[in-house]
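What follows is a set of structures for review.
Next come two complexes built around chain A: one with chain B, the other with chain C.
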Partner chain A sequence: MSNPFKTLALAGVATLALSASALAEIKLGATISETGPASFLGDPEAKTLKLLVEKINAAGGIKGEKIKLFLYDDGGDPNKARTFATRLVEEDGVVAIIGGTTTGTTMAVMPVAGENKIPFISLAGAIEIIDPVQPFVFKTPHTDKMACEKIFEDIKKRGLSKVGMLSGTDGFGASMRKQCLAVAPAWGMTIVADETYGPKDTDMTPQLTTIRGKEGVQAIVTPGFGQGPAIVTRNYNQLSMTIPLYQSHGVASNSFIQLAGAKESEGVRIPGTALLVADLLAADDPQKKVVTEYKALFEGATKTPVSTFGGYAHDAFAIFVDAAKRSKSFKAVDLRDAIEGTSKLVGTTGTVTMSAKDHIGLDLSSFRMLEIRNGGWTLVK
Partner chain B sequence: MADFMQFALSGVTVGAVYALIALGFTIIYNASDVVNFAQGEFVMLGGMGTVFAHQAGLPLPLAALLAIALTAMIGIIFNRLAIETARNAPVVSLIIITIGASIFIQGVVQIVFGKQIYRLPSFSGDTPIPLFGANILPQSLWVIAGAIIVFIALWLFFTRTMTGRAVLATSNNRLAAQLVGINTNFMMTLSFGVSAAIGALAGVLVSPITLTSYQVGVPLALKGFAAAMLGGMGNPKGALVGGILLGLLESFTAGYLSSHYKDAVAFIVILVLLSVKPQGLFGTKTVNRV
Partner chain C sequence: MRISPKMATLLTLSVIMLIAPFFFPSAYYFRIASLVYVNALAVVGVVILTGYAGQISLGHAGFAGIGGYACALAPVYLGLHPAASVVFGALASGVMAWIVGRPILRLKGYYLAVASLGFGILVSMVLTNEIAVTGGPDGMKVADLGLRSWLSERGLSLTNGQFWYTITALLLLAGAWLALNLENSATGRALRALHGSETAAGTVGIDVASAKLTAFIISAVYASVSGSLIALMNRMITPDIAGYMHSIEMVTMAVLGGSASVAGGVFGAAILTLLPQALTSFDQYEQVTLGLIMMLVMIFLRQGLLPGLASLLKGRGA
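Moving on, here comes the complex of A and B:
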């Protein structure tokens, strides 16, 4: 009889070899809102994932394994997102899930990921996703709270402090409004007006008139996404208002300038990602290479301009690939540990360093304060 | 005072949008008692059609005309394929068919034109016009003028023309209308064509203000429907007054009470009014003779 340890080791190697040949490909799941109210987020996200999977497979995959992408369209419906997440885990047998375009769909997928111990990288904004930290849940976008802080930091730099808020009542706007109200005192901000508008409203001049009438108001902050912020910007011009206007990262894309109009959006400031201003970045900027490459890939294949949202999907996929390369195996639990160990990974949104306590891994420096000038973006120094 | 004027102008602007859409409901309702929930899609088609025709290089007026004509065609096809084939179904079934058509049209537009939000350039620039200390955009004047012109045209049509009366007769009693020599099928085709055209015209006029996308129709149609109910379904005067009233209610609530309760207050007022006057402000009581 030979050494029992040797047999065990051999058996182990055999199992590994077996499982490796059985898993001829890495199964990656995604549930994205390609259609529905959040489609302008989900559409570039889905396109990005498909492009990147194609690209990495053409280059030989990860450690010789090809990635197989299981992509479902949940239409922004949390119930569907949950059903698809369950299908991804139980039928498709994926080792990780990317997606949850909106906070609502993300919240629906989180318990499925947690129960089945499958790492889940969300593409949604709200801070509740990673605070408190759940072992299997990660996310790539900046949080609403960071956007508020970035805006307040800039307002403070201008020597102003009295802020009027005009928030959308959609999930994004409502969540960011809450965060802004919460962090305002820490940045020395006084909220002198707190107005809202419905996501389908077509005129916000009454709210702006009310804000304008508040004693000493010095700046306007407008959390929201979709058409609302563009209409707010147009109404702001209609009322000939001049105090600084801040929009949120929810509308940080070129289509915002088109919708609001170049003349109307002149001087509007938005916290955005490096991706939007790829051309303006200094040559030695750490993000320059990543954002330029992604921009070229996406715009070359889709003939549409890149958006921050596609960038979130890019980063989620980059985190997954980076983790898979470092991971002991392609098993879900090992991948989870590897994702948590992500360090100094440069993405389109920022440089990501995760830890057991931080499942987003970004800081304020990754937000760039942008200002719209002559229908284009400029970096605020 | 300047604030009051600004709220009023905002209310009238938004109200005119609602009124234009509410007016689109009246013809089909008058011809068939059907509330056409695809009316919002006609508005969307008008806006989206103009955006794409304009992008393709047509001058704006021509693009708008083309979009309106195409939408009218779609209205007629919709009637021919979906409504006429189910002619003997109860009104409720027909209304549900219009909801189905609405979802279908949205789906097709989403695939053909994509999911982006678009804006039409304003017809007369974006320089605000000062008015008693408040500002109004030139495009708002276009919308208000459009609502008034469509209202007058519809009012004349229903009260002064034989065809208009024939449409009303078709709705009142289809068989009797046929017996006196009215081509009821043609009246239905006409009503869908004209309704779709009015919807599309509304879409063209409001798109510079409200922006447009494949899913802009439903929320606009719901507000237009609420306005039509408030004023009295089927009555052009009701649509106009109901729309403006709803717009004013919303903007004054947002201005003086709180923007958080804007929609709630507007709808509570509508509910209270309808419980007192179920036919709306200008609606006529339907009397069934036995």
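Moving on, here comes the complex of A and C:
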């Protein structure tokens, strides 16, 4: 008796072969958390992708072939992300996937990309995504570890070393806290306090008081995103604290200053990307052109300010386009090799040079240490 | 030959399961169908609790979380085989349901709904906050079941989608069969009696508290197994599985389809799993459309989609 699944598989292969021969466009897939708790990340990402695809198609596409974008909203649910990834691969026949706004959704897409040998460029932060390196998984944002190192580097420059940590218990905060604790000794930092707060907490005064009470504490580092870090900043002011306060790249956006208040966030330092300070960059800065162009495109079309997160999507798309131009063919496996061969590609987040061992391709220099002054950003020299 | 309603449900279900794959254009449909079956399994549990016994739980995702994380944690910490972990998770959920349900179910009214809501949130908080054990909000990887490679060594090679389609279909059939058997057993009759009136059920000698507890435990085990299946199928798990929204989803599926019958529950699960996939092309109107459909069903077909449609058809015939 013939296996019904086998018959079906054959039929499937036949359909695929047919559609492959009729292929006249490059199919790019994306599963992004446009709605749900991570929508403040996903929304600019999705808009960016749509804009960039439009732009490149208007300019004639890649090697004369247009890009067709399949974009799904996973709402931040890993189970949905996995389903959409399957849909992108099996149903839409994409040659690469961009997305995974959060670490959870990224982790759900990773097995699908690996099993089907489709390159996947994630937009999520955690270091677990690219360490250990998986052949088909890449990512554009800095890792939490790099943010910690950038902060510690700056604290060290100020001649300080005793750090109090106040971390959110959300995925981002928890992951960054772990990385910070791990790299602290290498930068000569002593963690004298290690406090946490819940993502929905509305008052962090007790934790800050505890940290202030620790002997010799010289700086506060607060991994976390969402409203928590803004509340920490307000409480910090209410307590009239003066030791340097460092926020994470997770809140490197103008909405943080609005939430925390311009007066309250005065002097707060944040490791951020060049995108936030596009106007302040020196004319000869290698990133100047890219960030100014993206900023103009995004702000022109959406009438909302650019955010670091949209920049991650911009870079993922730039990496894909750059790879597609160099690739032997538009087949997924060739594209993967080309993505791994990305070299000195200037993006909004930094200059990307990938290798078989490094699927993120950024170094510390891509982070800029920013300081909030008069409700705006300044570069720390 | 007369076919009993029980056999009719099971036969229809198995025929659909057998025929559907022939119409699947790609492996994506196997994934969607598997999700339908997994959700339906949990909903069948809700049908036993809500449809038969008339109790409402808003924390069933907590049990799905226990089942799911059992598959993630037991192989790592206890060295259990993933398949054994499913059973382990089901046992753990059963015991948990017994502990939680025993005091609560002696109370009348909405206490179970509120208490189960609290229980679900507690489970989800523990999973989110115990980062050292559960990996926190980013979740953790889940071991491979190993059955697929075992089968392929013995000459039956299935793709991942086909394999999970088969597993979830078989488990849903088994689950539906058990639930249908329960419906007409002494326990099932007791449950339906207390659904009608707890006082009346008590006067005819039914131990109301223990009957409710039985229903609660059984439905917890259903939710747990469905959670385990999601974990094994996705090869990873995050605390979202125990989230409040997942609990609401289960109840909504049961109520929308028709919580009084297993067939209705399965139908509801299928609709609410398939609709969002079909509606993605509506972009931001997806949620609005989904909400609208659900409101219309609740206004015009109060018993749920399946019984409502059935009575409409009957009405036409008469």
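Everything that follows uses one rule, which is that the second predicted complex is superposed on the first by the 360 of 381 C-alpha atoms of A that agree within 3 Å, B and C clash if a C-alpha of one lies under 4 Å from a C-alpha of the other, contacts with A are read in each partner's own complex, and residues count from 1 in each chain.
Rule of thumb we're sticking to: a contact is a pair of C-beta atoms (placed from the backbone, for glycine too) under 8 Å apart; a residue touches a chain by one contact, two chains touch by 3 or more.
Being a predicted model, the structure only gives us computed values, none of them experimental.
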Put chain B and chain C onto chain A via the superposition and say whether they clash or fit.
-> fit
When the two structures are overlaid on chain A, which partner does A:Q227 contact: first (chain B), second (chain C), both, or neither?
-> first
First (chain B), second (chain C), both or neither touched by A:G375 | neither
First, second, both or neither for A:P185, with chain B first and chain C second = neither
Of the partners chain B and chain C, which touch A:P286 in the superposed model: first, second, both, neither?
-> neither
Taking the superposition as given, does A:T35 touch the first partner, chain B, the second, chain C, both, or neither?
-> both
Examine A:E195 and indicate which partner it touches, taking first as chain B and second as chain C; both and neither are also allowed.
-> first
Looking at the overlay, does A:G213 come into contact with chain B only (first), chain C only (second), both, or neither?
-> first
Which partner does A:G267 reach: the first (chain B), the second (chain C), both, or neither?
-> neither
Once superposed, minimum distance in angstrom between C-alpha atoms of chain B and those of chain C?
-> 5
Overlapping contact positions on chain A, where the chain C interface meets the chain B interface = 35, 169
Given the complex with chain B, which residues does chain A contribute to the contact?
-> 35, 37, 39-40, 43, 169, 195-198, 200-203, 205-207, 209-210, 213, 226-227, 230-231, 234, 237-240, 255, 258-259, 261, 263-264
Residues of chain A defined as touching chain C within the complex | 4-5, 7-9, 12, 15, 35, 72-73, 76-80, 82-83, 86-87, 89-91, 103-104, 107-108, 111, 115, 126, 128, 169-171, 174-175, 178
Please name which positions on chain C make contact with chain A in the complex.
-> 21-22, 24-29, 31-32, 35, 128-129, 131, 136-139, 141, 158-162, 230, 234-238, 240-241, 276-277, 280, 283-284, 286-287
Would you tell me which residues of chain B are touching chain A in their complex?
-> 3, 6-7, 9-11, 13-14, 17, 110, 115-119, 126, 128, 135-137, 206, 209-211, 213, 215, 219-220, 251-252, 254-255, 258-260, 262-263
